[in-house]
Amino acid sequence: MSGYTEGIIILLCINAIAAMGVSLLTGFTGIFSLGHAAYMAVGAYTTAILTVEYGVHYIPAILLGGAMAMIVAYVIGVPTLKLMGDYYAIASIGLGETIRLILENWQSLTRGARGYPGIEGYTTLYVSLGFFAVMAFGMFNLIHSRFGRAFKSCRDDYIAASLLGFNTARYRVLSLVLSAFYCGVSGALLGGFLSFIQPIMFDMIKSTELTSVVVFGGLGSMSGTLIGAAVITLVTELFRPISQYRMLIYGAVLVIIMVLRPEGIMGQYELGPRFFRMLKNRFTKESSEKEGEPS
Amino acid sequence: MMTATPKNVVLELDNLNKFFGGVHAVRDMTFTISRGELAGLIGPNGAGKTTIFNLVTGVYSPDSGHINFLGEDITFLKSFQIIRKGVARTFQNLRLFPRSTALENVMVAMQQHHGYSFGEAITHMGKWGKKEREIHLNSMDILDRVGLAERAHQESGTLPYGMQRRLEIARALALEPEFLLLDEPAAGMNPEEVNELNDLIVGIHEEFNLTILVIEHHMDLVMEICPHIICMNFGAKIAEGNPDEIQEHPEVLKAYLGEEVEE
Amino acid sequence: MKRTCIAVLVLAVVLCLGAGAAMAADTVKIGYLAALTGDWAAYGQTEANTAQLAVEEINAQGGLLGKQVELVVYDFRTRAEDAVNAVRRLAEEDKVVGIVGANGSGINIATAPLVNRYGIPQIGTVSTNPLVTVDQKGKVRPFSFRVCFTDPYQGKLIAYFSAIELKRMNAAILYDVGSDYSQGLREFFMKSYGEYGGKMVADLGFRGGQDVDFRAQLTEIRDKKADVLILPNMGKEMALIMKQARELGMDDIIFVGGDGYAEFMWEIAGDAMENSYWINHVSPEDPAMAPFFASYKAKYNDECKEFVNGILGYDGMYLMFDAIKRAGKADPKLIAKALSETKDLQLHHAVITFDEFHNPLDKDGIIIVAKDGHGQFYMKIKPE
Amino acid sequence: MDTFLQQTINGLSLGSVYALIAVGYSLVYSILLFSNFAHGGFLVIGGYICYFALKSMGVSIWVAGFLSLLGAGFSAVLTERLAYKPIRERTNVTLYLLIASMGMSIVIENIFVIVVGGRFRALPPVIPTHPVHLFGLATTSAFDILSLLAAVFFLGALQLFLIKTKWGLAIRAAAYDLKTAGLMGVNVNLLISIVFFVAGFLAAVGGIFLSVRYTLYPQLGMITIKAFVAAVIGGLGSLPGAVVGSLILGLAEMLTAGFISSQLRDIVVFSLLIITLLIRPQGLFGKNISEKV
C-alpha cells in the first residue's frame, strides 16, 4: 500500500473515532456540540506531554489522554448539561474556545501557540486501525445495549425518558464523557500522526467539521457516521487537484445534503436488514406512485 | 366504608397546592388510593387532573403539601426516583418514541429490571446475552398481552392511533409497577376501541395485581369500570365516592352539565 | 434534481481522477504547498502565482535537465493534517523531486518528519521558526530548508534597529498570542533588546484572526509612555494597530515591524503608515526585483502586493531549480545534497549560503521605511 | 480615571458595531428559532459590494452604501429561499437549518476567496477617522462617534418599522408563534423573506463600518461569532437584548484587556457567555422557555 493511501486511511481512522464520539452525543443523545475539538486538544496534549516528558509508552499515554478528556468533560458537563437544545450548542462554542485559549496561554505546560513539537510518530497504520477497530466494536456494542436505548430515549423525549425511570441528567453526562473519551483518543492519535500539535488545530472550524460529519451521515446512525467520515475525508482528498474549489464544494455538499436529505445519508438506520427494508419500501412506493400517475 | 390503614395505602395526597403564575392549578388536594384499587379521576377540561399526575410523578414540584407513596414521602423526589419506586404512567398527548419500533418502546421500559454492567454492554459478554434475551422475550409477552405482537417491528409513529394508546400502556406495564397512572387512555378513540380498552384495563388490573388511577374526561367510561371516583373542578376536589354517589352529587352535575342542572 | 446533483458530483470526481492520471508525461515535477483557502489565502494565492511564474520562466529557457518543469500546487487550508496528506500525495502519487512551501512554520514543522522519511527536500518560504530545519534536540533535519532568515535572527535585527539605529530605549510590544510566528519573534526580540540596553515598558498580546480592535492595549501602551512599538504580526493586524494608535492620539510613537509588511496595509492604515520601519528580507524597491514585479503584473494583471511571500516563493523556486541543475539528475536525495551545499548563490532578492542548519547565513536585513504612500528602501543592516 | 473613561468609550464603540450584527442574528432567531451562522456572510457580501461600487464604478458613498445594503439584503433572501426554505418546509428540526447555515457560510466565504482572492482590502476613507478629543479627558475617533450614531439610527429605524408598520406587527406576531401567525392569514414566506432582508440589510451596515474600521477579507464574517455571543447574552430573539448584550460585551472586552490582561479578553467573553447561560439561559431579555407536559 502506498504511503499516501496509508496516510488517508490513518486520517480516516482518526476522524472516524472522533466522529463516533460526537455521533453518540449528537446523534444518539440529542446533544448538539460545537466545541468537541477541544477534547481532541486535551487528549493530544496529555498524550504528547506524557510521552515526551515522562517517557510513558504511547498506548497507556493515549488511553490516559482519553481519560483526561473524560475528566475535563465531566467537570464541565455536570453544570452545563442542564442546558437544552440550542442553548447547550451555544455554550459548547464558549467551552471549546475557552479550553483552547487556556492551552494557548498555559505556556509553561503546553508551550503555547508555537506548538508542541517532537512527538514520537507512534500513529502507524496498524495502531490507528487497531484503535479504530476496538473503539468501533465498543461503540456498536454500546448502542446495541440498554445504554444505547437509554441514550436514544433521552434524545427523543427526555421527559418521557425520566418517566420511564431513566436518570436523564446522568445519561447526558455519561454520553458527553464517553464522547470526550473518543475525541481525546482521536486527538492523541492525531498528535502521533503529525508529530506536532498546535492549539489552533483544534479550533471551532474543526469542531464544526466533526458535527457536520455526523449530521451528514445521519443522526442516530453509527454506520452512517462512519460513511459520513469516509465521504468527507475522501471528498477533501479527491478534490485536492482543484484545490481552490475544495472548500466551496465541501460547503455546497453540506447545504445540498441538508436540502435534499436533511436526515443524512443513512437517516437513523444502521447499515443492516432494516435499512434495506426501508429502502425497498421506499422505492416500491415511489414506483407505484409513478404508475398511478395519469399519463 | 373502606378503612385505609397505612399498610394498604398506596398513594396519599395531603393538602397539595400548585400555582402556575397567578393560576391556582391544584387547590388543597387530599385523597388516598388503597392497594388494589381501580380508581378514577374525573373533571372537566382544565380542572387540573393532569397536573395531579405531574405532581405525583415528579414532573412538577408542589408549592405546598405532601405526597406519600407506600408510606414514603416522595414529594420532592425526581421523576426517575419515583418511577423506580414502582410508579408508571401514560400521557394524555402520547409520548411514545415515534421513530423506534413498538418492541423497542417496550424494551426501553423493560430494561429497568434487567440491568447489566457497562463493561458487559460494550463487550457484549457476561450477562449481556442472557439479559437482552429476557428483555426481548418479556417485552414480546407484554406486546402480545395488549394485542400488538404482530406489529412489534413497526415504527411506533406509524401505528394507528388506538394501537399507539395501547402501546403506551404496554410500555408502562413493562416497568412492572405497583401503581399505574393512566392519563385519558381513551382520548380520541371510537366507541368500539373504547370497549376493548375497558376490557384491557380491567384485565391488566387483575392480572398484574395493580393499583390503577385513571384520568378520564368521559364520565360513562369511568362509571363502568371504577368503583372509586374522585371528581375535581378548578383545581379542587368537589366529590369522592362510588359511581352512584358521584352521579348524584350536585356539584358534579353542576360541573359537568353547567346551567342544565337548574332546568 | 437529486439525480442531477449526484451526476454532477460523480462527473467531478471522475474528472479529478482523470486529471491526476493524465499527468504522467516526462517532466521534472516540483510540488508546492500553498494555503489557497482559509485565513492565509491572500498570501498563499500570491505564492502559488509567483511559483507558477518562475516555472514558466524556466520552461521558456528550456526547462531543467532537458525536461520541462511541472508545478503541482496543493492547498492545505491552513491545517496541518491536510498539509501532511498533501505531502504524502506529492511524494507518492505525483512523485515530485522537491517541495516548496509552506508559508507557515507550524505547517513545516508538521510536514518535516514526513519529507525526511521520504527523502524529498522541502524549502519553507516564510517559515522562520528554528524548528523548521532542526528537530527539538538541535539536530539538523537533512531534507528541510528555508529561504528566509529565522526568528532569532529577525528578532535580533528588530532589536538592533530599534535600540542602536533609532535609539529608542522604551519599547512596547503587541503580539498575537495565537501565532507561533509572533510569539517567536517576541521572545527573541526581547532577549536581544535587553542585551542592547533597551527596556520593555509593555508586553501585551491579542488574538489574531478574531480581534480587530486593539484600543484597550494601545491605551495602556500610551499610558506607559513607550517610545517605540514593536509589531511582530501579520499585515492586517499591524495596519489596524497603527491606525487605531494614531486615532488614539499616539503621535510620537514609532512603529517597528517584522517581515509581515505588505503594500495592502496602506489601504487599511493610510497615513498612519508614514514613517514606520519594517525589517524585511527584501525590498520592493530593489532594482533587481523590478523585472519580477513587471512580469507578475503582465501575467496576472494585478500588483504583487503580498510581495514578501511572492518574492520568497519565487526565489524558493529558483533555489530549487539551482539545486536540481547542480544535482544533475532528478533525484530528490542528490537535490537535497546540492541544496545543503548551496554557496554564494545569487537569487533575485539576496545571495544565499546555507549554514550547517540549512538556514541562510547572515542574510542582510533590509529596513523599509513607509513614506509617501509606499514602502521605500531605507538601509541594510547586519547586527554585530 | 482617564484610562477608565477611555476604555469605556472604546468599549461602547466596539459594542455598537456588534449591535448591528447581533440584531440581525436575533431577528432571524426570533422567527425561525435557529442560529443563522451564515449571517457573517451577508456582512462580507455587503462589504465587497460597497468596495467594488466605490472602486470600480466610482460612485459616491451614499450610492455605494445603498447598493451594498440592498445587495446584502437580497442575498440574505436568496440564501433563505435556496437553502433554508426547502428544509423548514420538510421538517421542524432546527438543527438541520443550523448545519445548512454553516455550509452556506463556508460557501459564501469561499466564493469570495475564489472570485476576488483572499487579499485584505480596505474601503477608501469615505468615513472620517481623525481623532476627536472629548473634553480633554479622552480621545476617540470621529469614526467611533459616527458608528455609534449609525447604530442608533438604524436600530431606531428598525424599532419604528416593527412598531408602526403592518409588516412590523406581523413580524412581532410571528415571533410569538409562527404557525399561528400563518393560520391568521399572514403570508409566512413573504414575512420570512422580509426578516432575512432586514437582517442582511443591517449586516451590510455593520459590514461597511467594519470594513472601514478594520479591513475587508473573505473571512471577515468570523467576527460575527462575538456578535452572536452578544445576542445570546442579551437573549436570543430579543432586539433590545441584542443591543444591551453587545454593549456589555464590548465593555467587558475593553475593560478586561485594559485592566486585567489582554490575553484573558476572549476567555472573559466566553466565560460571560457560559455564566449567562447557566444562570439565565434565556439571556437578559429573552422569553422564558419551558415545555408543556
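Letters A, B, C and D name the chains as they come in the text, with residue numbers starting at 1 for each one.
By definition in this document, a contact is a pair of C-beta atoms (placed from the backbone, for glycine too) under 8 Å apart; a residue touches a chain by one contact, two chains touch by 3 or more.
Quick caveat: nothing in here was measured; it's all calculated off a predicted structure.
Novice: Trace the shortest sequence of touching chains from chain B to chain C and report its length in steps.
Specialist: So the least number of steps between the two chains is 2.
Novice: Could you find the chain whose CA centre sits the greatest distance from that of chain A?
Specialist: Farthest from chain A by mean C-alpha position: B.
Novice: I want to compare two interfaces, A-B and A-C. Which one has more contacting C-beta pairs?
Specialist: A-C
Novice: Let me have the rounded angstrom distance from the C-alpha centre of chain B over to the C-alpha centre of chain D, please.
Specialist: Their C-alpha centroids are separated by 49 Å.
Novice: Taking each chain's centre as the mean of its CA atoms, how far is chain A from chain B in angstrom?
Specialist: One centre to the other, that is 40 Å.
Novice: Just give me the whole-number Å value for how far the CA centre of chain A lies from that of chain C.
Specialist: The mean C-alpha positions of chain A and chain C differ by 34 Å.
Novice: Quick check: how many Å separate the C-alpha centres of chain A and chain D?
Specialist: 30
Novice: Return the residues of chain D touching two or more other chains; collapse runs of consecutive numbers into ranges.
Specialist: 110, 113, 225, 263, 266, 293
Novice: Listing for chain A: what residues touch at least two other chains?
Specialist: Counting only residues that touch two or more other chains, chain A contributes 101, 105, 159, 244, 247, 253.
Novice: Scan chain C for residues touching two or more other chains and write them down.
Specialist: Chain C, residues with two or more chain partners: 36-38, 177, 207.
Novice: Sort out for me which residues of chain D touch chain A in the complex.
Specialist: 33-35, 82-83, 86-87, 90-91, 93-100, 102-107, 109-111, 113-114, 225, 228-229, 232, 236, 263-264, 266-267, 270-271, 273-274, 277-278, 281, 289, 291, 293
Novice: Hey, which residues of chain A end up touching chain B in the complex?
Specialist: 138-139, 141-142, 144-147, 149-150, 152-153, 156-157, 159-160, 162-168, 220, 268
Novice: Which residues of chain A touch chain C once you look at their complex with the stated criterion?
Specialist: 2-8, 11, 14, 101, 104-105, 112-115, 117-118, 121, 190, 193-196, 198-201, 236-244, 246-247, 249, 253, 256, 260
Novice: Using the touch rule from the top, collect the residues of chain A that touch chain D in their complex.
Specialist: 32, 79-80, 82-84, 86-87, 89-91, 93-95, 97-98, 101-102, 105, 159, 204, 208, 211-212, 215, 219, 244-245, 247-248, 250-255, 258-259, 262-263
Novice: Which chain D residues qualify as touching chain C in the complex?
Specialist: Contact set of chain D toward chain C: 3, 6-7, 10, 14, 110, 113, 117-122, 125, 129-131, 133, 139-141, 143, 210, 213-215, 217-219, 222-223, 225-226, 253-258, 262-263, 265-266.
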